[in-house]
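The two complexes that follow have subunit A in common; it is paired with subunit B in the first and with subunit C in the second.
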Partner chain A sequence: QEFQFGPCRVEGVVLQKLWQAFWAMKDIVQAQDNIMSVRLLRKEVLQNVSETESCHLIRALLRFYVNTVFKNYHDKAVEFGILKPFSTLANNFFVLVSKLQASQEKMFSTRKSARRRFLLFYQAFKQLDREAAVTKAFGEMDILLSWMEKFYQL
Partner chain B sequence: DGVAVLPAPQNLSVQSTNMKHVLTWSPVTVPEEIVHYSVEYQGEYESLYTSHIWIPSIWCSPTQRPECDITEDITATVSYSLRVRATLGSLTSAWSTLKHRFNQNSTILTPPGMEITMDGFHLLIKLEDLGPHFEFFVSYWRREPGAKEHIKVVRPGVLPVYLETVEPGAAYCVKARTFVKAIGRHSAFSPTECVKVQGEALPL
Partner chain C sequence: HITEDTSDLLQHVKFQSSNFENILTWDGRPESAPDTVYSVQYKTYGEEEWLEKEGCQRITQKSCNLTMETSNLTELYYARVTATDGAGRSATKMTNRFSSLQHTSIKPPDVTCIPKVRSIQMIVHPTYTPIRAQNGHQLTLENIFQDLLYHLKLRINHTYQMHLEGKQREFEFVGLTPDTEFLGTIMICIPNLFKESAPYRCRVKTLPDRTWT
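Moving on, here comes the complex of A and B:
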């Protein structure tokens, strides 16, 4: 059970636990998202990502989720009574970010293309009202987890 | 009820073995009264980003016993803060916080219990069920000079495990240890167990 994002390998995070945590709050979270016409993690962001690009991209996305999405969604998590699954995801994303940091220094070549992909996501996020953007990004975690699953080895 | 202030629980500590984590503390005693306790936790994320927020333990908010199984509260390999307070009616004590944060990577891993059996000429092993976190590395060999040692990785829930087809009159030895990927650690090997196969050794 480990993630292998190109050259970046991360142990110690059990993907099944992340899925269980998201499923525990999926309905409540996605019911809050009223903007059906927009998708932040769209095909141009996540499709046909090369192995070496994947490490840069996942790290940028997870860092954004930890520093911005989770941080700004926290009060809602308290309000909806979903602190426990929220904490499971936040702490495991936190582990991933810190472990990806260590292994990511070695690669520069694909940083630019990964950066472009992340900016597509980020610009779409910025175009929405702040609260709506955080709610949508939080609700799209199943898209993110599905993409991460491709890099997970049992 | 004669108790102006309820003392906070003392001597918090965590005992963790094979990824089962139990928080214990010294009981707060009030004659002829039942004191309840509430346990809360924070992961590293909460400590850094939302330090004012604590999460109630799934099983112990409240509880009457001076201990709490926090295994299901610990859902990441990060360090956790834990705190406990006592309540008696409308009286509530101050929070007591665990002195050193707890990380599941410090759990004690014991060698697995195992049982070697024969099914005809099939050598089988049954391993202690320790839960979904645990894989097993089983090492086995034929007891004779220069014998080759074989290794088999056993995933959780697969029991019993076929190891090898044996020969009459020969002896075979087995040992096993656990491995927990979530924390990247393994236990010591269990004591080696050997079995002698019935019957006459085959002529060479």
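Moving on, here comes the complex of A and C:
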């Protein structure tokens, strides 16, 4: 089992575990997101991503989730009693980021288009109130996992 | 001003999804007056408007088929129901965020079990869904779930079972005793999303061996 984002290969992260962790808190987390008319991970961010672009994009998204979303959602995870699944996801995302870091140096060409896609996501995030944006991004992890699944080989 | 509690008018608004047939269901008051009517709206997550579901406005039954309205696999949806009773009291309740990919359950496959003298062949037929590709073709479960596979078991006796598994659609259990009854069970498995169908069962008897008669 491994993720293959273009030339970037990552072993040791089991997709089913990520799904299991997210489903354990999905309804609690998504119920906190009242802004139903805004979607951060829109089609323009994730659709028709080329293989070579995918490594750049997933690295930028995962780094943002680790450094911003998980960091700022931790207290809520404690408050809602979902710390265990929260930690499972955070730890696995951290592993993914660190392993993607190592393999990323060989690739330059598609960085710009991946950057544009990430900025679409980031700008939508910035337009919301900080707490609402973190809650929304956390609740959209199933969209991210569904996209990541395309790059997962059993 | 005392706002009247109308939450009893409406409960458990949720999607029930099976092979991507997405039905919105809800409960009313146990002894709800027959003149209570329900109206359904739905919304794509990330878009502004709530849309009225034609055919489910001011209805009395407690379900509404939203399969066509929620058929884009890359989208997530919400639905909500407004109940209004004869006295003009009303209540509105909404579903959780719905993703048919994550929520749909899988029905048993359709299988043809063909007995031979010393083997049983099992042919799994494709399962078509209401989901259509951009070119209008109806998608099968195999098209939608890349990691889909079939899991087959043949009970030989009380203690022994044969197992086969794979993505292909034709399987054959071999080395069996002629003129003997066997129970076969076949399931669809989608490992990544922990989905597993209920089993399809077939009871089959191998043919008698007439070579020496």
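Odds and ends about this structure:
Just so it is clear, the second predicted complex is superposed on the first by the 154 of 154 C-alpha atoms of A that agree within 3 Å, B and C clash if a C-alpha of one lies under 4 Å from a C-alpha of the other, contacts with A are read in each partner's own complex, and residues count from 1 in each chain.
Just so we're on the same page, a residue touches a chain if its C-beta (ideal position, glycine included) is under 8 Å from a C-beta of that chain, and two chains touch if they have at least 3 such contacts.
Worth saying up front: this structure is predicted, and the values here are computed from it rather than measured.
With the C-alpha superposition on subunit A as described, subunit C and subunit B fit side by side in the combined arrangement. Touch criterion not met for A:73: it reaches neither subunit B nor subunit C. In the overlay built on the shared chain, the residue A:92 is in contact with subunit B alone; subunit C does not reach it. In the superposition on chain A, contact of A:17 is made with subunit B only, not with subunit C.
In the overlay built on the shared chain, the residue A:118 is in contact with neither subunit B nor subunit C. Touch criterion met: A:83 reaches subunit B, while subunit C stays clear of it. Within the superposed three-chain model, A:152 lies in touch with subunit C and out of touch with subunit B [touch as defined at top]. In the overlay built on the shared chain, the residue A:3 is in contact with neither subunit B nor subunit C. In the superposition on chain A, contact is made by A:142 with subunit C only, not with subunit B. Judged by the touch definition given at the top, the superposed model places A:65 against neither subunit B nor subunit C.
Of all C-alpha pairs spanning subunit B and subunit C in the superposed arrangement, the closest lie 7 Å apart.
Shared interface residues of subunit A, touching subunit B in one complex and subunit C in the other, do not exist. Residues 1-2, 11-14, 17, 21, 66, 70-71, 74, 78, 83-84, 87-88, 90-95 of subunit A are the ones that touch subunit B when the two sit in their complex. Of all the residues in subunit C, the ones that touch subunit A in their complex are 43, 45-48, 74, 76, 78, 96-97, 99, 101-102, 146-147, 191-194. Taken in their complex, subunit B has these residues touching subunit A: 43-46, 48-50, 53, 55, 58, 73, 75-78, 105, 133, 181-184. Subunit A makes touch with subunit C in their complex at residues 15-16, 19-20, 23, 26-27, 30-31, 33, 36-39, 42-43, 47, 139, 142-143, 146, 149-150, 152, 154.
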